[in-house]
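To keep things simple, chains are lettered A, B, C and D as they appear, and every chain counts its residues starting from 1.
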Amino acid sequence: MPKPAAVSVYVDLQVPFHDVDVMRITWHGHYVKYLEIARTALIDEIDYGYEEMENTGYGWPIVDMHLRYVRPARMGQWLRVYADLVEWENCMKIRYRIVDRESGTLLNKATSMQVAIDVSNNEMLFASPTVFLNKLRAYGVTIDAS
Amino acid sequence: MPKPAAVSVYVDLQVPFHDVDVMRITWHGHYVKYLEIARTALIDEIDYGYEEMENTGYGWPIVDMHLRYVRPARMGQWLRVYADLVEWENCMKIRYRIVDRESGTLLNKATSMQVAIDVSNNEMLFASPTVFLNKLRAYGVTIDAS
Amino acid sequence: MPKPAAVSVYVDLQVPFHDVDVMRITWHGHYVKYLEIARTALIDEIDYGYEEMENTGYGWPIVDMHLRYVRPARMGQWLRVYADLVEWENCMKIRYRIVDRESGTLLNKATSMQVAIDVSNNEMLFASPTVFLNKLRAYGVTIDAS
Amino acid sequence: MPKPAAVSVYVDLQVPFHDVDVMRITWHGHYVKYLEIARTALIDEIDYGYEEMENTGYGWPIVDMHLRYVRPARMGQWLRVYADLVEWENCMKIRYRIVDRESGTLLNKATSMQVAIDVSNNEMLFASPTVFLNKLRAYGVTIDAS
(Lines give C-alpha, C1' and ligand atoms only; values in the text may rest on other atoms or scores of the structure.)
Protein backbone atom coordinates (compact mmCIF):
# COMPACT_ATOMS: atom_id res chain seq x y z
CA MET A 1 0.00 0.00 0.00
CA PRO A 2 1.44 3.37 -0.93
CA LYS A 3 2.16 5.89 1.82
CA PRO A 4 -0.52 8.55 2.00
CA ALA A 5 0.40 11.94 0.54
CA ALA A 6 2.05 14.32 3.00
CA VAL A 7 0.43 17.37 1.43
CA SER A 8 -2.47 17.59 -1.03
CA VAL A 9 -3.77 20.68 -2.79
CA TYR A 10 -5.65 21.61 -5.93
CA VAL A 11 -5.98 24.65 -8.12
CA ASP A 12 -8.60 25.57 -10.71
CA LEU A 13 -7.66 27.15 -14.00
CA GLN A 14 -9.23 27.84 -17.35
CA VAL A 15 -7.62 26.89 -20.67
CA PRO A 16 -6.78 30.15 -22.48
CA PHE A 17 -7.03 30.68 -26.25
CA HIS A 18 -3.24 30.84 -26.59
CA ASP A 19 -2.77 27.32 -25.16
CA VAL A 20 -4.88 25.62 -27.83
CA ASP A 21 -3.42 24.24 -31.06
CA VAL A 22 -4.78 23.73 -34.57
CA MET A 23 -6.60 20.60 -33.40
CA ARG A 24 -8.48 22.85 -30.93
CA ILE A 25 -7.04 21.08 -27.90
CA THR A 26 -4.47 22.22 -25.37
CA TRP A 27 -1.01 21.75 -26.87
CA HIS A 28 0.61 18.96 -24.84
CA GLY A 29 3.55 21.10 -23.69
CA HIS A 30 1.31 23.61 -21.93
CA TYR A 31 0.26 21.04 -19.32
CA VAL A 32 3.70 21.50 -17.77
CA LYS A 33 2.60 25.05 -16.85
CA TYR A 34 -0.60 23.75 -15.28
CA LEU A 35 1.40 21.31 -13.17
CA GLU A 36 3.74 24.08 -12.07
CA ILE A 37 0.83 26.25 -10.94
CA ALA A 38 -0.40 23.38 -8.76
CA ARG A 39 3.11 22.64 -7.49
CA THR A 40 3.55 26.29 -6.53
CA ALA A 41 0.31 26.08 -4.53
CA LEU A 42 1.59 22.92 -2.84
CA ILE A 43 4.88 24.40 -1.68
CA ASP A 44 3.14 27.63 -0.65
CA GLU A 45 0.77 25.49 1.45
CA ILE A 46 3.71 24.40 3.62
CA ASP A 47 5.34 27.84 3.53
CA TYR A 48 8.20 26.63 1.36
CA GLY A 49 7.68 28.77 -1.75
CA TYR A 50 10.47 29.73 -4.17
CA GLU A 51 11.54 32.72 -2.13
CA GLU A 52 11.72 30.66 1.04
CA MET A 53 13.68 27.89 -0.72
CA GLU A 54 16.14 30.43 -1.98
CA ASN A 55 16.44 32.35 1.28
CA THR A 56 17.21 29.12 3.11
CA GLY A 57 19.89 28.10 0.61
CA TYR A 58 18.38 25.47 -1.68
CA GLY A 59 17.21 25.10 -5.22
CA TRP A 60 14.98 22.23 -6.33
CA PRO A 61 15.42 21.61 -10.05
CA ILE A 62 13.12 19.18 -11.83
CA VAL A 63 15.02 15.99 -12.70
CA ASP A 64 12.19 13.86 -14.07
CA MET A 65 8.75 14.48 -15.46
CA HIS A 66 6.19 12.06 -16.79
CA LEU A 67 2.81 12.92 -18.30
CA ARG A 68 0.03 10.66 -19.52
CA TYR A 69 -2.57 12.35 -21.70
CA VAL A 70 -5.90 10.61 -21.20
CA ARG A 71 -8.39 13.03 -22.76
CA PRO A 72 -7.84 16.41 -24.43
CA ALA A 73 -8.57 19.73 -22.74
CA ARG A 74 -10.33 22.40 -24.79
CA MET A 75 -10.33 26.20 -24.97
CA GLY A 76 -12.30 27.77 -22.15
CA GLN A 77 -12.59 24.50 -20.22
CA TRP A 78 -12.22 24.78 -16.46
CA LEU A 79 -9.68 22.33 -15.11
CA ARG A 80 -8.93 21.20 -11.59
CA VAL A 81 -5.31 20.20 -11.02
CA TYR A 82 -4.64 18.03 -7.95
CA ALA A 83 -1.09 17.79 -6.60
CA ASP A 84 0.01 15.31 -3.92
CA LEU A 85 3.43 15.23 -2.29
CA VAL A 86 4.17 11.49 -2.28
CA GLU A 87 7.93 11.39 -1.54
CA TRP A 88 9.89 13.85 0.54
CA GLU A 89 12.71 12.14 2.40
CA ASN A 90 15.32 12.04 -0.35
CA CYS A 91 13.63 14.03 -3.05
CA MET A 92 10.37 15.82 -3.74
CA LYS A 93 8.04 13.66 -5.78
CA ILE A 94 4.65 15.06 -6.68
CA ARG A 95 1.80 13.22 -8.32
CA TYR A 96 -0.79 15.15 -10.33
CA ARG A 97 -4.22 14.54 -11.74
CA ILE A 98 -5.91 17.02 -14.06
CA VAL A 99 -9.67 16.64 -14.29
CA ASP A 100 -12.57 18.53 -15.81
CA ARG A 101 -13.65 20.73 -12.91
CA GLU A 102 -17.34 20.14 -13.37
CA SER A 103 -17.59 16.44 -14.21
CA GLY A 104 -14.39 15.20 -12.59
CA THR A 105 -13.47 13.36 -15.80
CA LEU A 106 -9.75 12.54 -15.83
CA LEU A 107 -7.72 14.35 -18.51
CA ASN A 108 -4.10 13.90 -17.45
CA LYS A 109 -1.93 12.06 -14.91
CA ALA A 110 1.60 13.19 -14.22
CA THR A 111 4.52 13.01 -11.83
CA SER A 112 7.47 15.30 -11.23
CA MET A 113 10.64 14.60 -9.30
CA GLN A 114 12.90 17.28 -7.84
CA VAL A 115 16.14 17.05 -5.93
CA ALA A 116 17.67 19.63 -3.64
CA ILE A 117 20.75 21.56 -4.68
CA ASP A 118 22.86 23.43 -2.14
CA VAL A 119 23.15 26.79 -3.87
CA SER A 120 26.36 27.69 -2.03
CA ASN A 121 28.33 25.03 -3.93
CA ASN A 122 25.80 23.86 -6.54
CA GLU A 123 25.94 20.28 -5.21
CA MET A 124 23.07 17.85 -5.31
CA LEU A 125 21.87 16.43 -1.96
CA PHE A 126 20.97 12.77 -1.51
CA ALA A 127 18.66 13.51 1.40
CA SER A 128 16.17 16.33 1.79
CA PRO A 129 17.51 19.34 3.70
CA THR A 130 16.34 19.79 7.29
CA VAL A 131 14.59 23.06 6.50
CA PHE A 132 12.23 21.24 4.14
CA LEU A 133 11.56 18.39 6.56
CA ASN A 134 10.89 20.94 9.31
CA LYS A 135 8.35 22.70 7.10
CA LEU A 136 6.59 19.35 6.71
CA ARG A 137 6.76 18.69 10.47
CA ALA A 138 5.27 22.13 11.15
CA TYR A 139 2.49 21.19 8.74
CA GLY A 140 1.77 18.05 10.78
CA VAL A 141 3.61 15.37 8.80
CA THR A 142 5.24 12.67 10.92
CA ILE A 143 8.86 12.24 9.88
CA ASP A 144 11.22 9.70 11.40
CA ALA A 145 14.21 11.22 13.16
CA SER A 146 17.37 10.68 11.10
CA MET B 1 18.57 -6.15 -28.05
CA PRO B 2 16.36 -3.26 -29.07
CA LYS B 3 15.31 -2.92 -32.70
CA PRO B 4 17.34 -0.26 -34.49
CA ALA B 5 15.56 3.05 -35.08
CA ALA B 6 13.59 3.23 -38.32
CA VAL B 7 14.34 6.92 -38.79
CA SER B 8 16.93 9.13 -37.06
CA VAL B 9 17.36 12.86 -37.38
CA TYR B 10 18.75 15.76 -35.41
CA VAL B 11 18.21 19.49 -35.28
CA ASP B 12 20.37 22.25 -33.81
CA LEU B 13 18.86 25.11 -31.87
CA GLN B 14 20.00 27.87 -29.57
CA VAL B 15 18.40 28.55 -26.17
CA PRO B 16 16.71 31.98 -26.41
CA PHE B 17 16.56 34.51 -23.58
CA HIS B 18 12.82 33.97 -23.11
CA ASP B 19 13.29 30.25 -22.33
CA VAL B 20 15.53 30.84 -19.33
CA ASP B 21 14.21 31.15 -15.77
CA VAL B 22 15.41 33.00 -12.67
CA MET B 23 17.98 30.26 -12.05
CA ARG B 24 19.46 31.14 -15.48
CA ILE B 25 18.69 27.74 -16.91
CA THR B 26 16.10 26.65 -19.46
CA TRP B 27 12.75 26.30 -17.70
CA HIS B 28 11.97 22.57 -17.75
CA GLY B 29 8.70 22.98 -19.67
CA HIS B 30 10.42 24.55 -22.68
CA TYR B 31 12.21 21.29 -23.51
CA VAL B 32 8.87 20.02 -24.83
CA LYS B 33 9.19 22.62 -27.61
CA TYR B 34 12.71 21.45 -28.43
CA LEU B 35 11.47 17.87 -28.71
CA GLU B 36 8.66 18.95 -30.99
CA ILE B 37 11.05 20.75 -33.32
CA ALA B 38 13.05 17.52 -33.64
CA ARG B 39 9.91 15.42 -34.05
CA THR B 40 8.71 17.72 -36.82
CA ALA B 41 12.03 17.21 -38.62
CA LEU B 42 11.64 13.45 -38.18
CA ILE B 43 8.18 13.25 -39.73
CA ASP B 44 9.20 15.67 -42.48
CA GLU B 45 12.15 13.35 -43.22
CA ILE B 46 9.69 10.60 -44.22
CA ASP B 47 7.31 13.06 -45.94
CA TYR B 48 4.65 12.61 -43.25
CA GLY B 49 4.45 16.17 -41.89
CA TYR B 50 1.36 17.61 -40.19
CA GLU B 51 -0.23 18.65 -43.47
CA GLU B 52 0.32 15.22 -44.99
CA MET B 53 -1.09 13.50 -41.85
CA GLU B 54 -4.16 15.65 -42.03
CA ASN B 55 -4.66 15.34 -45.78
CA THR B 56 -4.53 11.56 -45.47
CA GLY B 57 -7.07 11.51 -42.64
CA TYR B 58 -5.16 11.01 -39.39
CA GLY B 59 -4.20 12.92 -36.32
CA TRP B 60 -1.45 11.73 -33.97
CA PRO B 61 -2.00 13.17 -30.49
CA ILE B 62 0.67 12.73 -27.84
CA VAL B 63 -0.50 10.21 -25.23
CA ASP B 64 2.64 9.88 -23.12
CA MET B 65 5.74 11.95 -22.55
CA HIS B 66 8.71 11.32 -20.28
CA LEU B 67 11.67 13.62 -19.74
CA ARG B 68 14.82 13.12 -17.68
CA TYR B 69 16.79 16.26 -16.96
CA VAL B 70 20.46 15.36 -16.66
CA ARG B 71 22.21 18.74 -16.88
CA PRO B 72 20.78 22.25 -17.30
CA ALA B 73 20.84 24.15 -20.58
CA ARG B 74 21.79 27.84 -20.47
CA MET B 75 20.90 30.98 -22.40
CA GLY B 76 22.64 31.15 -25.75
CA GLN B 77 23.81 27.53 -25.58
CA TRP B 78 23.66 25.60 -28.85
CA LEU B 79 21.86 22.31 -28.44
CA ARG B 80 21.63 19.30 -30.69
CA VAL B 81 18.39 17.33 -30.38
CA TYR B 82 18.45 13.77 -31.69
CA ALA B 83 15.17 12.01 -32.43
CA ASP B 84 14.85 8.31 -33.24
CA LEU B 85 11.67 6.56 -34.30
CA VAL B 86 11.80 3.38 -32.21
CA GLU B 87 8.23 2.01 -32.50
CA TRP B 88 5.91 2.40 -35.46
CA GLU B 89 3.69 -0.64 -35.86
CA ASN B 90 0.99 0.19 -33.35
CA CYS B 91 1.97 3.66 -32.29
CA MET B 92 4.70 6.22 -32.94
CA LYS B 93 7.30 6.15 -30.20
CA ILE B 94 10.20 8.55 -30.47
CA ARG B 95 13.30 8.62 -28.29
CA TYR B 96 15.21 11.87 -27.86
CA ARG B 97 18.59 12.95 -26.58
CA ILE B 98 19.49 16.60 -26.13
CA VAL B 99 23.22 17.28 -25.99
CA ASP B 100 25.48 20.31 -25.98
CA ARG B 101 26.25 20.73 -29.67
CA GLU B 102 29.93 21.38 -29.22
CA SER B 103 30.95 18.91 -26.52
CA GLY B 104 28.23 16.29 -26.97
CA THR B 105 27.55 16.36 -23.22
CA LEU B 106 24.13 14.86 -22.48
CA LEU B 107 21.55 17.31 -21.09
CA ASN B 108 18.23 15.52 -21.46
CA LYS B 109 16.72 12.16 -22.42
CA ALA B 110 13.08 11.87 -23.37
CA THR B 111 10.44 9.75 -25.06
CA SER B 112 7.10 10.58 -26.61
CA MET B 113 4.31 8.23 -27.61
CA GLN B 114 1.62 9.07 -30.13
CA VAL B 115 -1.35 7.09 -31.38
CA ALA B 116 -3.26 7.56 -34.60
CA ILE B 117 -6.78 8.97 -34.59
CA ASP B 118 -9.07 8.58 -37.58
CA VAL B 119 -10.25 12.15 -37.97
CA SER B 120 -13.43 11.13 -39.78
CA ASN B 121 -14.87 9.57 -36.62
CA ASN B 122 -12.33 10.66 -33.98
CA GLU B 123 -11.55 7.03 -33.10
CA MET B 124 -8.21 5.80 -31.86
CA LEU B 125 -6.49 3.09 -33.95
CA PHE B 126 -4.74 0.13 -32.38
CA ALA B 127 -2.48 -0.37 -35.39
CA SER B 128 -0.67 2.27 -37.41
CA PRO B 129 -2.52 3.34 -40.58
CA THR B 130 -1.24 1.99 -43.89
CA VAL B 131 -0.36 5.46 -45.15
CA PHE B 132 2.20 5.84 -42.35
CA LEU B 133 3.66 2.37 -42.85
CA ASN B 134 3.93 3.05 -46.58
CA LYS B 135 5.84 6.27 -45.89
CA LEU B 136 8.27 4.19 -43.84
CA ARG B 137 8.53 1.57 -46.60
CA ALA B 138 9.23 4.29 -49.16
CA TYR B 139 11.98 5.50 -46.82
CA GLY B 140 13.52 2.02 -46.85
CA VAL B 141 12.23 0.53 -43.61
CA THR B 142 11.40 -3.19 -43.77
CA ILE B 143 7.90 -3.79 -42.42
CA ASP B 144 6.28 -7.19 -42.16
CA ALA B 145 3.15 -7.59 -44.26
CA SER B 146 0.06 -7.55 -42.03
CA MET C 1 -13.37 64.13 -24.88
CA PRO C 2 -13.09 60.44 -25.68
CA LYS C 3 -16.25 58.36 -26.01
CA PRO C 4 -16.88 56.29 -22.87
CA ALA C 5 -16.04 52.60 -23.16
CA ALA C 6 -18.89 50.43 -24.43
CA VAL C 7 -17.84 47.48 -22.26
CA SER C 8 -15.43 47.36 -19.32
CA VAL C 9 -14.21 44.29 -17.47
CA TYR C 10 -11.27 43.19 -15.40
CA VAL C 11 -9.63 39.92 -14.50
CA ASP C 12 -7.22 39.04 -11.70
CA LEU C 13 -4.25 36.78 -12.27
CA GLN C 14 -1.05 35.81 -10.53
CA VAL C 15 2.36 35.88 -12.23
CA PRO C 16 3.56 32.26 -12.44
CA PHE C 17 7.18 31.14 -12.04
CA HIS C 18 7.46 30.26 -15.73
CA ASP C 19 6.66 33.84 -16.82
CA VAL C 20 9.60 35.39 -14.98
CA ASP C 21 13.00 35.94 -16.59
CA VAL C 22 16.56 36.06 -15.27
CA MET C 23 15.96 39.61 -14.04
CA ARG C 24 13.16 38.19 -11.87
CA ILE C 25 10.48 40.17 -13.64
CA THR C 26 7.77 39.05 -16.03
CA TRP C 27 9.30 38.68 -19.48
CA HIS C 28 7.75 41.44 -21.61
CA GLY C 29 6.25 39.05 -24.16
CA HIS C 30 4.09 37.31 -21.55
CA TYR C 31 1.97 40.43 -21.02
CA VAL C 32 0.34 39.63 -24.36
CA LYS C 33 -1.17 36.56 -22.68
CA TYR C 34 -2.47 38.63 -19.78
CA LEU C 35 -4.14 41.02 -22.22
CA GLU C 36 -5.72 38.10 -24.04
CA ILE C 37 -7.19 36.69 -20.85
CA ALA C 38 -8.83 40.08 -20.19
CA ARG C 39 -9.98 40.41 -23.80
CA THR C 40 -11.55 36.94 -23.62
CA ALA C 41 -13.48 38.06 -20.50
CA LEU C 42 -14.61 41.19 -22.35
CA ILE C 43 -16.02 39.37 -25.38
CA ASP C 44 -17.58 36.73 -23.11
CA GLU C 45 -19.27 39.57 -21.20
CA ILE C 46 -21.26 40.48 -24.33
CA ASP C 47 -21.77 36.85 -25.33
CA TYR C 48 -19.43 37.14 -28.32
CA GLY C 49 -16.73 34.63 -27.36
CA TYR C 50 -14.54 32.81 -29.88
CA GLU C 51 -17.07 30.06 -30.47
CA GLU C 52 -19.87 32.57 -31.06
CA MET C 53 -17.67 34.61 -33.44
CA GLU C 54 -16.89 31.52 -35.39
CA ASN C 55 -20.44 30.15 -35.43
CA THR C 56 -21.69 33.46 -36.78
CA GLY C 57 -19.07 33.55 -39.53
CA TYR C 58 -16.34 35.97 -38.45
CA GLY C 59 -12.77 35.92 -37.30
CA TRP C 60 -11.17 38.92 -35.59
CA PRO C 61 -7.40 38.79 -36.05
CA ILE C 62 -5.19 41.26 -34.17
CA VAL C 63 -3.82 43.88 -36.58
CA ASP C 64 -2.08 46.21 -34.13
CA MET C 65 -0.80 45.96 -30.61
CA HIS C 66 0.96 48.52 -28.47
CA LEU C 67 2.33 48.01 -24.96
CA ARG C 68 3.94 50.49 -22.59
CA TYR C 69 5.84 48.94 -19.70
CA VAL C 70 5.67 51.28 -16.74
CA ARG C 71 6.81 49.11 -13.84
CA PRO C 72 7.88 45.45 -13.74
CA ALA C 73 5.64 42.63 -12.49
CA ARG C 74 7.21 40.01 -10.24
CA MET C 75 6.74 36.29 -9.59
CA GLY C 76 3.70 35.60 -7.43
CA GLN C 77 2.38 39.15 -7.75
CA TRP C 78 -1.40 39.45 -8.15
CA LEU C 79 -2.32 41.62 -11.10
CA ARG C 80 -5.60 43.18 -12.11
CA VAL C 81 -6.02 43.62 -15.86
CA TYR C 82 -8.67 46.12 -16.97
CA ALA C 83 -9.98 45.98 -20.53
CA ASP C 84 -12.23 48.65 -22.09
CA LEU C 85 -13.82 48.39 -25.52
CA VAL C 86 -13.21 51.89 -26.90
CA GLU C 87 -13.97 51.47 -30.64
CA TRP C 88 -16.46 49.10 -32.17
CA GLU C 89 -18.02 50.58 -35.29
CA ASN C 90 -15.32 49.76 -37.82
CA CYS C 91 -12.97 47.67 -35.76
CA MET C 92 -12.59 46.38 -32.21
CA LYS C 93 -10.16 48.53 -30.26
CA ILE C 94 -9.49 47.60 -26.66
CA ARG C 95 -7.52 49.63 -24.15
CA TYR C 96 -5.87 47.85 -21.20
CA ARG C 97 -4.33 48.79 -17.90
CA ILE C 98 -2.47 46.29 -15.75
CA VAL C 99 -2.14 47.28 -12.11
CA ASP C 100 -0.95 45.70 -8.91
CA ARG C 101 -4.18 44.25 -7.51
CA GLU C 102 -3.58 45.39 -3.96
CA SER C 103 -2.12 48.87 -4.37
CA GLY C 104 -3.54 49.78 -7.76
CA THR C 105 -0.05 50.87 -8.92
CA LEU C 106 0.08 51.01 -12.71
CA LEU C 107 2.38 48.46 -14.35
CA ASN C 108 1.39 48.43 -18.01
CA LYS C 109 -0.80 50.25 -20.52
CA ALA C 110 -1.72 48.68 -23.81
CA THR C 111 -4.08 48.74 -26.77
CA SER C 112 -5.08 46.11 -29.29
CA MET C 113 -6.89 46.58 -32.59
CA GLN C 114 -8.80 43.82 -34.36
CA VAL C 115 -10.69 43.81 -37.64
CA ALA C 116 -13.40 41.42 -38.73
CA ILE C 117 -12.74 38.84 -41.41
CA ASP C 118 -15.59 37.09 -43.21
CA VAL C 119 -14.46 33.48 -42.88
CA SER C 120 -16.48 32.37 -45.92
CA ASN C 121 -14.18 34.28 -48.29
CA ASN C 122 -11.38 35.40 -45.95
CA GLU C 123 -12.06 39.08 -46.74
CA MET C 124 -11.52 41.93 -44.34
CA LEU C 125 -14.56 44.08 -43.47
CA PHE C 126 -14.34 47.85 -43.22
CA ALA C 127 -17.33 48.05 -40.90
CA SER C 128 -18.17 45.82 -37.95
CA PRO C 129 -20.58 42.99 -38.77
CA THR C 130 -24.18 43.37 -37.62
CA VAL C 131 -23.95 40.36 -35.33
CA PHE C 132 -21.28 42.13 -33.25
CA LEU C 133 -23.19 45.44 -33.15
CA ASN C 134 -26.33 43.56 -32.11
CA LYS C 135 -24.43 41.92 -29.26
CA LEU C 136 -23.46 45.41 -28.10
CA ARG C 137 -27.04 46.66 -28.45
CA ALA C 138 -28.30 43.71 -26.41
CA TYR C 139 -25.72 44.69 -23.79
CA GLY C 140 -27.19 48.20 -23.68
CA VAL C 141 -24.80 50.14 -25.90
CA THR C 142 -26.42 52.83 -28.04
CA ILE C 143 -25.37 52.42 -31.66
CA ASP C 144 -26.47 54.71 -34.48
CA ALA C 145 -28.46 52.98 -37.19
CA SER C 146 -26.36 52.57 -40.31
CA MET D 1 15.08 62.10 -43.59
CA PRO D 2 15.57 59.51 -40.89
CA LYS D 3 19.10 58.74 -39.70
CA PRO D 4 20.40 55.51 -41.21
CA ALA D 5 20.43 52.51 -38.87
CA ALA D 6 23.61 52.13 -36.83
CA VAL D 7 23.45 48.33 -36.93
CA SER D 8 21.35 46.05 -39.13
CA VAL D 9 21.01 42.28 -38.89
CA TYR D 10 18.56 39.57 -39.79
CA VAL D 11 17.79 36.07 -38.63
CA ASP D 12 15.85 33.27 -40.30
CA LEU D 13 13.46 31.09 -38.37
CA GLN D 14 10.69 28.61 -39.06
CA VAL D 15 7.24 28.82 -37.44
CA PRO D 16 6.90 25.74 -35.18
CA PHE D 17 3.67 23.80 -34.65
CA HIS D 18 3.35 25.05 -31.07
CA ASP D 19 3.22 28.72 -32.20
CA VAL D 20 0.15 28.26 -34.37
CA ASP D 21 -3.40 28.80 -33.10
CA VAL D 22 -6.80 27.35 -34.01
CA MET D 23 -6.96 29.66 -37.03
CA ARG D 24 -3.75 27.95 -38.25
CA ILE D 25 -1.73 31.14 -38.05
CA THR D 26 0.99 32.19 -35.64
CA TRP D 27 -0.65 33.44 -32.45
CA HIS D 28 0.06 37.18 -32.32
CA GLY D 29 1.90 37.02 -28.99
CA HIS D 30 4.57 34.68 -30.35
CA TYR D 31 5.95 37.38 -32.66
CA VAL D 32 7.48 38.96 -29.57
CA LYS D 33 9.78 35.92 -29.37
CA TYR D 34 10.76 36.29 -33.02
CA LEU D 35 11.64 39.93 -32.41
CA GLU D 36 13.74 38.98 -29.40
CA ILE D 37 15.71 36.43 -31.40
CA ALA D 38 16.56 39.15 -33.94
CA ARG D 39 17.35 41.67 -31.19
CA THR D 40 19.70 39.17 -29.55
CA ALA D 41 21.51 38.79 -32.88
CA LEU D 42 21.75 42.58 -33.15
CA ILE D 43 23.34 43.11 -29.74
CA ASP D 44 25.62 40.11 -30.27
CA GLU D 45 26.74 41.73 -33.55
CA ILE D 46 28.22 44.64 -31.59
CA ASP D 47 29.51 42.41 -28.79
CA TYR D 48 26.96 43.74 -26.30
CA GLY D 49 24.99 40.57 -25.52
CA TYR D 50 23.11 39.99 -22.26
CA GLU D 51 26.16 38.70 -20.43
CA GLU D 52 28.25 41.69 -21.54
CA MET D 53 25.46 44.12 -20.52
CA GLU D 54 25.30 42.54 -17.13
CA ASN D 55 29.05 42.29 -16.62
CA THR D 56 29.39 45.98 -17.40
CA GLY D 57 26.62 46.96 -14.97
CA TYR D 58 23.51 47.67 -17.01
CA GLY D 59 20.13 46.16 -17.69
CA TRP D 60 18.02 47.25 -20.65
CA PRO D 61 14.34 46.53 -19.93
CA ILE D 62 11.78 46.95 -22.71
CA VAL D 63 9.65 50.06 -22.04
CA ASP D 64 7.60 50.18 -25.24
CA MET D 65 6.66 47.73 -27.94
CA HIS D 66 4.51 48.20 -31.01
CA LEU D 67 3.55 45.55 -33.54
CA ARG D 68 1.59 45.86 -36.77
CA TYR D 69 0.31 42.59 -38.17
CA VAL D 70 0.13 42.87 -41.95
CA ARG D 71 -0.26 39.26 -43.07
CA PRO D 72 -0.44 36.04 -41.07
CA ALA D 73 2.47 33.60 -40.71
CA ARG D 74 1.73 29.90 -41.03
CA MET D 75 3.10 26.68 -39.56
CA GLY D 76 6.36 25.63 -41.18
CA GLN D 77 6.79 28.96 -42.97
CA TRP D 78 10.35 30.30 -43.07
CA LEU D 79 10.52 33.88 -41.86
CA ARG D 80 13.29 36.45 -42.12
CA VAL D 81 13.33 38.96 -39.28
CA TYR D 82 15.23 42.18 -39.93
CA ALA D 83 16.29 44.34 -36.98
CA ASP D 84 17.74 47.85 -37.31
CA LEU D 85 19.11 49.91 -34.45
CA VAL D 86 17.59 53.34 -35.17
CA GLU D 87 18.14 55.23 -31.90
CA TRP D 88 21.01 54.76 -29.49
CA GLU D 89 21.96 58.03 -27.82
CA ASN D 90 19.36 58.14 -25.06
CA CYS D 91 17.71 54.77 -25.46
CA MET D 92 17.88 51.70 -27.68
CA LYS D 93 15.18 51.79 -30.32
CA ILE D 94 15.00 48.90 -32.74
CA ARG D 95 12.81 48.68 -35.82
CA TYR D 96 11.81 45.25 -37.16
CA ARG D 97 10.34 43.84 -40.32
CA ILE D 98 9.27 40.21 -40.58
CA VAL D 99 8.96 38.93 -44.13
CA ASP D 100 8.41 35.61 -45.84
CA ARG D 101 11.97 34.44 -46.45
CA GLU D 102 11.38 33.25 -49.98
CA SER D 103 9.13 35.92 -51.47
CA GLY D 104 10.06 38.84 -49.24
CA THR D 105 6.34 39.56 -48.62
CA LEU D 106 5.92 41.73 -45.54
CA LEU D 107 4.15 40.04 -42.61
CA ASN D 108 4.85 42.27 -39.62
CA LYS D 109 6.39 45.63 -38.69
CA ALA D 110 7.41 46.39 -35.15
CA THR D 111 9.46 48.61 -32.89
CA SER D 112 10.88 48.13 -29.42
CA MET D 113 12.29 50.74 -27.08
CA GLN D 114 14.67 49.94 -24.21
CA VAL D 115 16.26 52.19 -21.62
CA ALA D 116 19.36 51.51 -19.58
CA ILE D 117 19.13 50.76 -15.88
CA ASP D 118 22.17 51.02 -13.62
CA VAL D 119 21.93 47.69 -11.83
CA SER D 120 23.93 48.93 -8.82
CA ASN D 121 21.08 51.24 -7.76
CA ASN D 122 18.28 50.18 -10.13
CA GLU D 123 18.03 53.72 -11.55
CA MET D 124 17.01 54.56 -15.08
CA LEU D 125 19.53 56.51 -17.19
CA PHE D 126 18.45 59.35 -19.46
CA ALA D 127 21.48 58.92 -21.71
CA SER D 128 23.02 55.70 -22.99
CA PRO D 129 25.96 54.45 -20.91
CA THR D 130 29.45 54.97 -22.33
CA VAL D 131 30.09 51.24 -22.57
CA PHE D 132 27.24 50.89 -25.08
CA LEU D 133 28.33 53.93 -27.12
CA ASN D 134 31.88 52.59 -27.16
CA LYS D 135 30.62 49.25 -28.51
CA LEU D 136 28.95 51.19 -31.32
CA ARG D 137 32.11 53.24 -31.98
CA ALA D 138 34.14 50.03 -32.13
CA TYR D 139 31.63 48.77 -34.68
CA GLY D 140 32.24 51.86 -36.81
CA VAL D 141 29.31 54.09 -35.85
CA THR D 142 30.11 57.82 -35.68
CA ILE D 143 28.93 59.24 -32.37
CA ASP D 144 29.25 62.89 -31.37
CA ALA D 145 31.44 63.46 -28.32
CA SER D 146 29.30 64.33 -25.31
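Note that a contact is a pair of C-beta atoms (placed from the backbone, for glycine too) under 8 Å apart; a residue touches a chain by one contact, two chains touch by 3 or more.
In this text, all values refer to a predicted model and were calculated from it rather than measured experimentally.
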Farthest chain (mean CA position) relative to chain A: D
Between the pairs A-B and B-C, the one where more C-beta pairs touch: A-B
Length of the line joining the C-alpha centres of chain A and chain C, rounded to whole Å: 31
Whole-Å gap between the CA centroids of chain A and chain B: 25
Euclidean distance of C-alpha centroids - chain B vs chain C, Å: 36
Residues of chain D whose C-beta touches two or more other chains: 17-18, 22, 29, 33, 36, 50, 75
Chain contact graph, described as a line, ring, star, complete graph or other shape: complete
Touching residues (chain side chain D, partner chain C) in the complex: 22-23, 25, 28-29, 32-33, 36, 50, 59, 61-69, 72
Chain C to chain B touching residues, read off their complex: 17-18, 20-22, 24, 27, 29, 75
Chain D - residues contacting chain B, complex: 16-18, 33, 36-37, 40, 49-51, 75-76
